[in-house]
Amino acid sequence: MNEVTAFWMLAAISVLGALIAVRKRNLVHGVFALLVFFVGLAGLFLLLLAEFIAVVQILVYAGAVGILILFAIMLTDRVTGRDAFRVTSRGSFWGALISLAVFLVILLPTIQDIPTIENPTPKETIVETSTVKQLGIHLIKPYIITIEILALLLTAALVGAVTAAQGGRASENEENNK
Amino acid sequence: MTLDLIKDILLATVPLLIIFPTMFALTTWVERKALARIQNRIGPNKVGVPLTPYGGKLSLFGLGQPAADGIKMLFKENIVPTGADRLFHFLAPILSLIPSMLVLCFLPLDFPWLNGEQNSVKAFMLDGAVIFFFAITGLNTLAVFMAGWASRNKYSLLGGMRAIAQMVSYEIPLVLSAVVVVMIVGSLNADNIAKAQEGWNWFVFQPWGLAAFVIFFIGALAETNRSPFDLPEAESEIIAGYFTEYSGFKFALFFLGEYIAMFAISGLAVTLFLGAGAGPGVESLSWLKIFWFLTKVCILIGVMIWLRGTLPRLRVDQLMGFAWKFLLPLSILNIFVAGFAWHIKDANKETATSVVVWIASIIILYAAAKGLDRVNRAKVKPRTYQYGE
Amino acid sequence: MTVAAPNYELVQQDGLETSLLEVSMGPHHPSTHGVFRMDVKLDGETVVDLKPVFGYLHRNHEKLAENMSYLASMPFTDRLDYFNSMTNNWAYALAAEQLVEIEIPERAEYLRVIMSELTRLVNHVSLVGFFVNDLGALGTPLLYAFREREKILDLFEQASGARMMCNYFRFGGLRCDVPDGWLDRTREVVDRFPKFLDEYEKLLCENEIILSRTQGVGNLSKELAISAGITGPMLRASGVNYDIRKVDNYGIYERFKFRVPYSEGDVGDCYDRFMVRMLEMRESIGILRQALDGIENGPIMGNAGKVFKPQKSEAYGRVEAPKGELGFYLVADGTTQPYRYRVRPPSFINLTVLQDMCIGQQVADAVIILGSIDIVLGEVDR
C-alpha cells in the first residue's frame, strides 16, 4: 500500500519535472526541472530496492551531468542578459514521435516480465544480500571485459578532451609568439 | 505496524534534528569566542538571560548570543534584488540545507533508545551509506549555483563559479580517500565500518589511514568552504560570494546549512577514520558511544575554527593545483599502498611482517608526499634585502 | 621615457566567443580601503582591464586652504592621510617655514622626528595588518597589529590631545610640550616594539601561503616606478635607493644613523612591498632610540610672531611620509592667505600604476595589489 502511494508520488514528480524541463523557456529553470526528474527517478530505483543504481543516478546525473549542463550554459551564454535563454520548439512533433517510438521499444520487452497476480515475482528472484556486493561481483566476474573496454573508452575520451582543449591553446600560443 | 514504523522513524530522526541544530547554535558561540581569543579580543560576553523585566541579567559568558542572533535574523528585512529570479532566490537556501540535514541520517549514531532489534533503524539503513553521503553532499553544489545565479549579482556569480569548481575538484580526493576504508572493510555500510574499528583499531592509526584522514580532512575543509579554502565567500575579494544578496532568515538558512554540512562531514571523518563511537568505557555503557562520537566531531570542528583564525586564503589557481596535482595523485597512491598492505597482512599474519609493511607504507607515502611537494611547490622563498646608507 | 602598459589578449577558440565580465568593485567594497572604485573587466578570474575611479571623498581641501589663514589649514592637513597626521603637519610646516625664516628650537626638532617615526610605525603596522587581512587571514594579524598601533596612538593622545587628528605642529615648532614622563613611556613602547616585529616576521614573512600569494604578483619594474613618479616604500621595493630623509636631510635627520632598506632585484612585487615596510619599521625604531637618547629640555616654539604673513614668495616643502613623498607647494602673495596651495599626495601618485600592475593577474591579486600600494582615500581625493 505504502509503496504504491510512494510510486505514484515519485512518478508524478518525475513526469512533471520532465515536462517542465522540456517546456520551460528559461534554460536554467529547465535544467533544474531536469534535475528534479533525475532525483525522482532515483527515488523510483530506491523503491525497486536498487540502492546502488539509485545512488549512482544521483551521483552521476543530478550531481555531475546537471552541473556540467549548468556550467555549459553559464560559460557560453550571457548570464547577465535577460533574453539570452530561448528555446526553439520547431519540430516538436517529430521529437514527440521519436520519443514515443523509443518508449515503446523499451516497453515491449519489459512488459513480458511484469509481475502479475498469478506470477508474483519477476523471472530473476530478488537477492537477499546487499545489492552493492552483488553488483560488484557481477562487474568483476562475468562482465570484466565489458568494464575494461568501457574504461578504455572513457580514458580515450578523457585524453581526447584534454588534447582538444590543449591543442587550441597551444596553437594560439604559437601564433602569439610569431 | 505502520504506527510502530512511524515511531521508529521519529525516534531516529527527531534526535538528529535536535542535537545538530543545538550544536550549531553552540558552535557559533564557541567559534566567536575562540576566534576572539585567537585575535586577542574578548568576544561576545554581554547577552545573557534576563532575570527580571526591569533589568538584571545572568551573563553566562555571552551564551545568549546565538539566541539573540537567531531572533535578529528572523526580524531582518528579506531583500530580493530587482531582476533576481525570485523563485530560485527563495529555493536556494532551502536546497542548501536539505542535503546537509539529509546526510546526517547516514552517520552511525547509536542512540541508546534504539536498542535491540530496532537498533538497525538509523534513519536510513542503507548498504551504500558512504556513497549516498557523497552523492547527496554533491547536491549542495546545485544550491550554491542556484544562489549565485538567481541573485543576478556579479559577485554572487563569481562566488558560485568558484564554489562549483572547488567542490567538484575536492570531491575527488575526498571520495578516493574514503575508498581506502571502504576497500579494507569491504562494505559501504557505515555500521560495518564502525564495527571494524571497535576498541582501538581506528584506521587513523594505520599509515594509509592517517594519510587518507589528512587528505579527507583537507578535502572536507574545501567542501565546506572553510579557511584556507574559503574562496567562494572570500570577503576581501567578492564580498560574500554566492550569498552576497541574501539577508535575514534566508541568510541564516545558508549559515545553518554550512555548519550542518561541517558537522556531517566531520561525522563522516569520525566514522571512517576515528573509530566512530569507539572509546574508553563503551563496553559497559553503550550510551557512551554517542558521547564519544559527538566529542570527536566537536574536536574536528574545533580544528576547523582554529585554522580559520590562523591561515590566509589561497588563490583560485593554487587551490585547483593543490587538489589535482597533490591530493589526487597522493590519494590514488594511497589506495594502492592500502591494498598491498592489507593483502600482505591477510596472507601472512606474523607480527614481523605487519611491522615491515607498516614501516614500508609510511616510507612510501612520506616519500610520495615529499616528491609531489617538491614538484608542485611554487618557486617561492624568503628574500634578502639590501640597505642604502 | 614611456613604458607600454601590458596588453592582455583573450584566448579565442574556434567558433567560441568569450565575453568579458565587468565588475564594479567599490565604492563600498570591503577591501578597497575606503570609497574607491575599480572598474574591472574579467575574463573568468583574470583581470583584463582595470580602471581606478575616485573622487568620492573630494573635500576641496586645496581651495579651502587658499581662503583661510596659513595656520588655519594645519588641522585640515590632518585629514589628508588620516593615519599619519604628524607627517602631514610636518610637510606643511616645512613648506611654510621656508616662506619666512624661523629658527626651530632643538627640542622641537627632536620631537618632530620622534612623532614622525612613531607615525611611520603606526602606518606600516596597520598596512601590514590590512595587507594580510586582504590575503584572507580573517583579521587575526590585523588585530595584533592594531594592538601595537593603539599604544602609539595613546602616546599621541597624551602629547596632543587627539589620537589621530593630532594638529600638533606649528610654524616654528610645536603646539605644546609633551607631558611629564611621556618620553619614558615612549621608550617603553619603542623597546617593546621589536618583540612584536619578531613575532610578526616569524609567523608571516615565511608563511608558505603568504609567499606564494605575494611573490611574483603585481610586479612593478624599476623603470616604470621611476617614470611614474612612485615614491616611498613602493619605489624602494622596486629596487631604487631613494629616501627623502637621506636626500633632503630635512629636520635633523642627518644626526641619526639609519639605513634605507630596498629590494635587491627589480621585481617589485607585493612581497617586496610588504617586506620593505617590515624592515623600515626596524630602522624607525633605531631612529627613535637615538632621538630619545639625544633629546634635551628646552623651548619648543621658535619666534614665529603673532601673525603669519610671508612676503611674496613660493616654497615647496616635502617629507618622507610613510606612504612616500608628501609635498606642499605654497605661493604667498603678501597676505595672510596663500595664493596657491597645492598638495603632492603620495597615495594618489602611487595609485597611478595600479592598472599596469593588475592587468593579467587574478581578481584576488588585484585586491592585494591595491592593499600593497597603501592608499588612504582622504589623501587621494583631498
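Each chain carries a letter (A, B and C) given by its place in the written order, and its residues are counted from 1.
Keep in mind that, in the parts below, a contact is a pair of C-beta atoms (placed from the backbone, for glycine too) under 8 Å apart; a residue touches a chain by one contact, two chains touch by 3 or more.
Keep in mind that what you see is a predicted model, and the values were worked out from it rather than measured.
Engineer: Report the most central chain, judged by the distance from each chain's C-alpha mean to the global C-alpha mean.
Structural biologist: Of all chains shown, the one whose C-alpha centre lies nearest the global C-alpha mean is B.
Engineer: Which one of the chains is farthest from chain C, going by Cα centres?
Structural biologist: Max centre-to-centre separation from chain C belongs to A.
Engineer: Calculate how many whole Å lie between the centre of chain B and the centre of chain C, each centre taken as the average of the chain's C-alpha atoms.
Structural biologist: Roughly 43 Å, centre to centre.
Engineer: When the centre of a chain is set as the mean of its C-alpha atoms, what distance in Å lies between chain A and chain C?
Structural biologist: 60
Engineer: Once you find the CA centre of chain A and the CA centre of chain B, what distance in Å lies between them?
Structural biologist: 28
Engineer: Considering chain B alone, which of its residues make contact with at least two other chains?
Structural biologist: 154, 157
Engineer: What are the residue numbers in chain A that touch two or more other chains?
Structural biologist: Residues 80.
Engineer: For chain C, what residues touch not just one other chain but two or more?
Structural biologist: 21
Engineer: Which residues of chain C touch chain B in their complex?
Structural biologist: Going by the criterion above, the answer is residues 21-23, 29-31, 42, 45, 132-140, 143-144, 147, 205-213, 215-216, 241, 243, 246, 259-264, 271-272, 275-276, 279, 362-365, 367.
Engineer: Note which residues of chain B are touching chain C in the complex, please.
Structural biologist: Against chain C, the touching part of chain B is residues 35, 38-41, 154-155, 157-158, 162, 227-228, 230-231, 234-239, 308-318, 378, 380-389.
Engineer: Show me the residue ranges of chain B that touch chain A in the complex, using the header's touch definition.
Structural biologist: It comes out as residues 2, 83, 85, 87-88, 126-128, 131-132, 134-136, 138-139, 141-142, 145-146, 149, 152, 154, 157, 161, 164, 168, 187-189.
Engineer: Help me check something: in the complex, which residues belonging to chain A touch chain B?
Structural biologist: Those in contact with chain B are residues 2, 28-29, 32, 35, 51-52, 55-56, 58-59, 62-64, 66-67, 70-71, 74, 79-80, 82, 130-133.
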